[in-house]
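Just below sit the structures, each encoded as structure tokens.
Below are two complexes that have chain A in common, paired first with chain B and then with chain C.
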Partner chain A sequence: MEAALATSGSDALVGVAYLIGVVSLVLTLLLTLQVAWLQLAARRLERRQRRCLETWRPILYDAAMGEAPAVPPLAPDDEATFLLLWNQLQDGLRGRSSREGLNRLAATVGAHAAALRALARKAAASRMLALRTLRYLGEPADFDRVEPLLDAPEAPICLAAARALFHIDRAAATPELWTRLRTRVDWPMAQVAALLRDSDLGEAELAGLATAINGQVHRLTTAELRRILPLLAIFDEADVSPMVHRLLAPFQVPEVLSAALKEARGPALLPDVVRLCTHPAWPVRTQAATALGRLGRPEHRDLLLGMMADPQWWVRYRAAQALLSGRFGEAGELAALGDRLSDRFARDILCHVLAEGRA
Partner chain B sequence: MAREARAVRGAERVESTSILIVEDDGTIAGMLSALFRRGGLNPTTVRDGKTALSLVAGSEPPALAVVDLMLPHLDGFSLVAAMRGSPRWKDVPVVMLSARQLPADVTRARELGVREYVQKPFDAKQLLATVLEALGMPPR
Partner chain C sequence: MTGLAALGVVPWIFLGYFVALQLTYVVLDLLALGEIRRATPPGGAAELPQSYSGLEPPVSLLVPAYNEAPTIVAALWSMLQLEYPSFEIVVVNDGSTDATLEVLKRELDLRPFPEATRISVPTRRVRGRYRSERFRNLRVIDKENGGKADALNAAINSARSPLVCVVDADSVLQRDSLSRAVRPFLEDATTIACGGTIRIANGCRVSEGFLEQVGLPRSWLVRIQVVEYFRAFLFGRLGWSPLNAMLIISGAFGVFRREAVVAAGGYRTDTVGEDMDLVVRLHRTFRLSGTPYRIVFVPDPICWTEAPESLRVLRAQRMRWQRGLLESLAAGRSLLFHRRGGAVGWLAFPVALLFDALGPVVEVVGLALMVVAVVAGSLSVPAFLAFLLAAVGMGLFLSASALLLEAMSFHAYQRPSQLAALFGAMVAENLGYRQLTSWWRLRALVLWLVRRPGRWGTMERSASWQAPGGPR
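Here is the complex of A and B:
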């Protein structure tokens, strides 16, 4: 009886092991088939893309040279590759005949409709490609289609949409961008500044944007101010100096003072800069020393010499750099002056910066 | 008759005028190649600085080189410096392309004897005219 039970138990174990083996084998086969299928699909895609490139590259080159080549119909599967090539040429070339030739070709193959189809897709890459295309096509009717994408959760999509809007209608795009600048903490300001710089904004549009920022500046929090202040670099000094002056007021927190000092460009701000050279917070003194290097006059030489004895290394370093900026005397004369300095830290930092200049 | 002979000789010279394009962006390299072929020149394209450097070491120099500044493996300045150090390539006129327009880059290009520093995006027709002028050929 016991022997029979033991035999049936081991039979069950063998059965389970057999079943696991068969399932593993089937799964391995399925996985192998899937890998093979994926490889085939990738090769098919590669072949299709190569065929598409061979067909469309010469046509696009002819179009970019202002000619009107014979154009075959654009297959739906080739739309993405075509749009990518078309955008690469738009990015790489300028000149009216190139732009017109490429836009004529886009109209012939129905690139606008293809871009709208790509815009409706969920994939971020498709939407980015669509926005680049709509930007270069510059159809006024697309403004309302693109504008909602400024509120997309993905910052790159928002910025691509902003670029497209600025290309389609700069005047209408400026307030749309500004209303979102405060709330979208995820937008990299360097990219926003580059966008505005590349948009060839006219003097009036830039002044309008500066006025909009100026009107809101007192309502912004410290964090918002720190984020938005680097944008001031794109404006004319005259448009932003009054705003920077207000931000350099004694009651401002050190973070705002430091950020505002970076944007101090006009001589009208020199008294503010000089005052902040003795601020209790060392990051403010550091930025003040740098600003003095841009704006200072020979009479501020003693102030900088004093800052070179500051307890903070960065303040001493920026003060020495400012001193040697060319606004306060010749390097040789300043080196001789350094030898006569009584403070050891001041002498050391001047030697250091002079050596950097010689390297 | 003499004029016809001169024209034929001129055409032969144009046909045989080789241009080296060093550009990593395939689409732009293809565009440059098509542009120069249209201008009657004979372009050769390489996609990185190292390959171009091997040409400098072992090949006949072209009539002119169009070099992108930002290249994989070896940048445009290093490539032009190597060209200037080669007895056979040292006099090859260079047109440099770059998306950067930093004054320091322009100065460095000038120091290396770069004939023209062209900013990207570039105007295709203007670039062809620049290259033809550098080669002493009439504009097309």
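Here is the complex of A and C:
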């Protein structure tokens, strides 16, 4: 009986093994066929795209040069390739007249309608392409169509929508962006900064945005402040100095102090910077030394000499760089001063930074 | 229970182990699929103007060099052309016995430099520090030989940037490698390390240090490794990344937050698997201290490297990798099932231990016992073939799914002949190659258990894919 059970058990096992093997082989075959099909489809698409580019590239160049080329009908299958090429040309163009030529051509072939169709599709790729197109077309009526995409779950879509909105109506787009900056922690702040920089914001718009940030700064958490503070680099010093002063208050945490010190640009902030040169957290002292290099006066030379003996290498390094920034004396005079320093670390770091300057 | 009856249990254990192993890989495969969809930018996104924001942190490229005289200058030339706003290169001549330092001095116009260095991690004695007169962002440290890990520690001491990028001197990088690998640090301030997909350069055309055309190597041994790399990177690592449980970033290319590396104690010099060891220690340091952190993987193929073309060199490489794995797991064992271990301690670590470290034992011993069972008559030949079919079939399925991930994402191998070759390599990998590498890994395990010291061995490089080029 026991032997019979064992035999039936091993028969079942062998059956399972066969089944696993056969199913795996069938799945392997199916996957390989899918890879082959993907390859085939990619090659077919590539051929079609090549033909489309060969047809439309010269026409688009002529349009950009202000000519009025003969325009063939745009096949529905070629819409995406056409829009991609059209956008690439727009990206590389400088000058209003070239853009107008391309926009006229877009109107002739119905690119706006094609972009709206692409915007309605689910695929992120289509929506991305549509947003780029609507950005360059700059139709005021598209603002309301694009604005909801600022709340899309995908950060790249949101930022492409923001770019489009800034192109269509900067003044209306600025508050829309700001209201979402706090909550959308997934938006890379580097890209937001690039977007604002590329948007050629006017003085009034920048001041408006600075005021909006300033008005809410006391409500932001440390994490939010750390995220948003690098944005201050795009504003005028006068617009941000009062805000930075508040952020340099003694009760702030080191992360905020370090980030705010990077944005300290006005002489009014000098007392804050000097105070923070002796802060217990070394990243704060490092940023304070750098800020002192930008804002300091000759009487701060001794303070920097003292910082060159700091236990932290970065504080010593930044202090030496600040000392040699030209605000605290000539390099020769400072080198001679360095020879008289009693602290070995201070001498070494000064020697290092002087050599960097000579190299 | 008699000995023969006990042999009858072996197939059950063998099959159960394989099913568990393959199911784990299928789950990783599915995770990788989701991640690749998320990580691949929506079409057209890559076409957007990629202007720099000005917020990109500076990066120090750390390049350890030991007897690299023939190739070091070409490698540095390509690194100098990387597209990134601010970076410096720190080359460490690790006591080379050839003319590496002389070549560097001559070609880069090196001058001694009085650098005031922080000693964040201890290293062998530094003999000299130099700065290039030709390239202001390039420095060279000359030190006594201490191995790759020691050289990297010396470079970390000298690095000035908050991010350090560890690069092998023979790595072929994409021009935008740094931009891609730094992106996760910009997106999330808690990112402390980022690895990328490493591809095999054999068979590709490389000119002046940059990849010009992707191709497949002629050698079947290397083709099999191409498929292996797909599996290792496209779902081996990509699958663990969303769980923040990746245990290794390849030593050929990885970006780290310098402070995090110093906090973990730098590279360990008494292991041959210093790359994995560092990542395991980073996990341990941050997990056990409760500090939020992310170790991420970008699936973009950002680095191409030369694979061994002979069995002898491949054996040395695989034995070294296995030993490195064992040393890293042993050193980081406190993470295993630790209450703060998270996905690393409760998933990645046990999987690495069970399937990667002990896998060769089960595979080789299991196979040998099954053969014995067939000879002894306690297992029929059809049953043996059925188990073999299951093992090979599942291996093929996983290789094919890695191939699919590649075709869905980067689509580097586009010709039908290349697909056919990869399919052939997939079959060969599961019929002989895998068993051979398991045998080598088992030997490495035994040697490690008997405390035989590990060696790095010598990688023989043909660099047949490398067209001439260099500084002009």
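In this text, the second predicted complex is superposed on the first by the 318 of 359 C-alpha atoms of A that agree within 3 Å, B and C clash if a C-alpha of one lies under 4 Å from a C-alpha of the other, contacts with A are read in each partner's own complex, and residues count from 1 in each chain.
One rule holds in what follows: a residue touches a chain if its C-beta (ideal position, glycine included) is under 8 Å from a C-beta of that chain, and two chains touch if they have at least 3 such contacts.
The model shown is predicted, which means the values in this text are computed figures rather than measured ones.
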Chain B versus chain C as contact partner of A:98, first or second or both or neither: first
Chain B versus chain C as contact partner of A:88, first or second or both or neither: both
Partner chain(s) touched by A:45 [first = chain B, second = chain C, both, neither]: neither
Touching partner for A:22 - first (chain B), second (chain C), both, neither: second
Which superposed partner A:107 touches (first chain B, second chain C, both, neither): neither
Contacts of A:64 with chain B and chain C, given as first, second, both or neither: first
Larger contact residue set on chain A - chain B or chain C: C
On chain A, positions contacted by chain B and by chain C: 88, 91
Chain B - residues contacting chain A, complex: 25, 27-28, 30-31, 34-35, 38, 120-126
List of chain A residues in touch with chain C within their complex: 6, 10, 13-18, 20-25, 27-28, 31-32, 34-36, 38-39, 42-43, 84, 87-88, 91, 123-129, 132, 154, 156-157, 160, 186, 188-191, 193-194, 197-198, 226-227, 230, 233, 313, 316-317, 345, 348-349, 351-352, 355, 359
Residue numbers on chain A that touch chain B, as the complex places them: 57-58, 61-62, 64-66, 85, 88-89, 91-95, 97-98
Partner chain A, residues of chain C touching it in the complex: 5, 8, 11-12, 15, 19, 41-45, 47-49, 51-56, 111, 113-118, 131, 133, 136, 160, 183, 186-187, 189, 380, 382-383, 386-394, 396-397, 399-401, 403-404, 407-408, 411, 414, 416, 419, 423
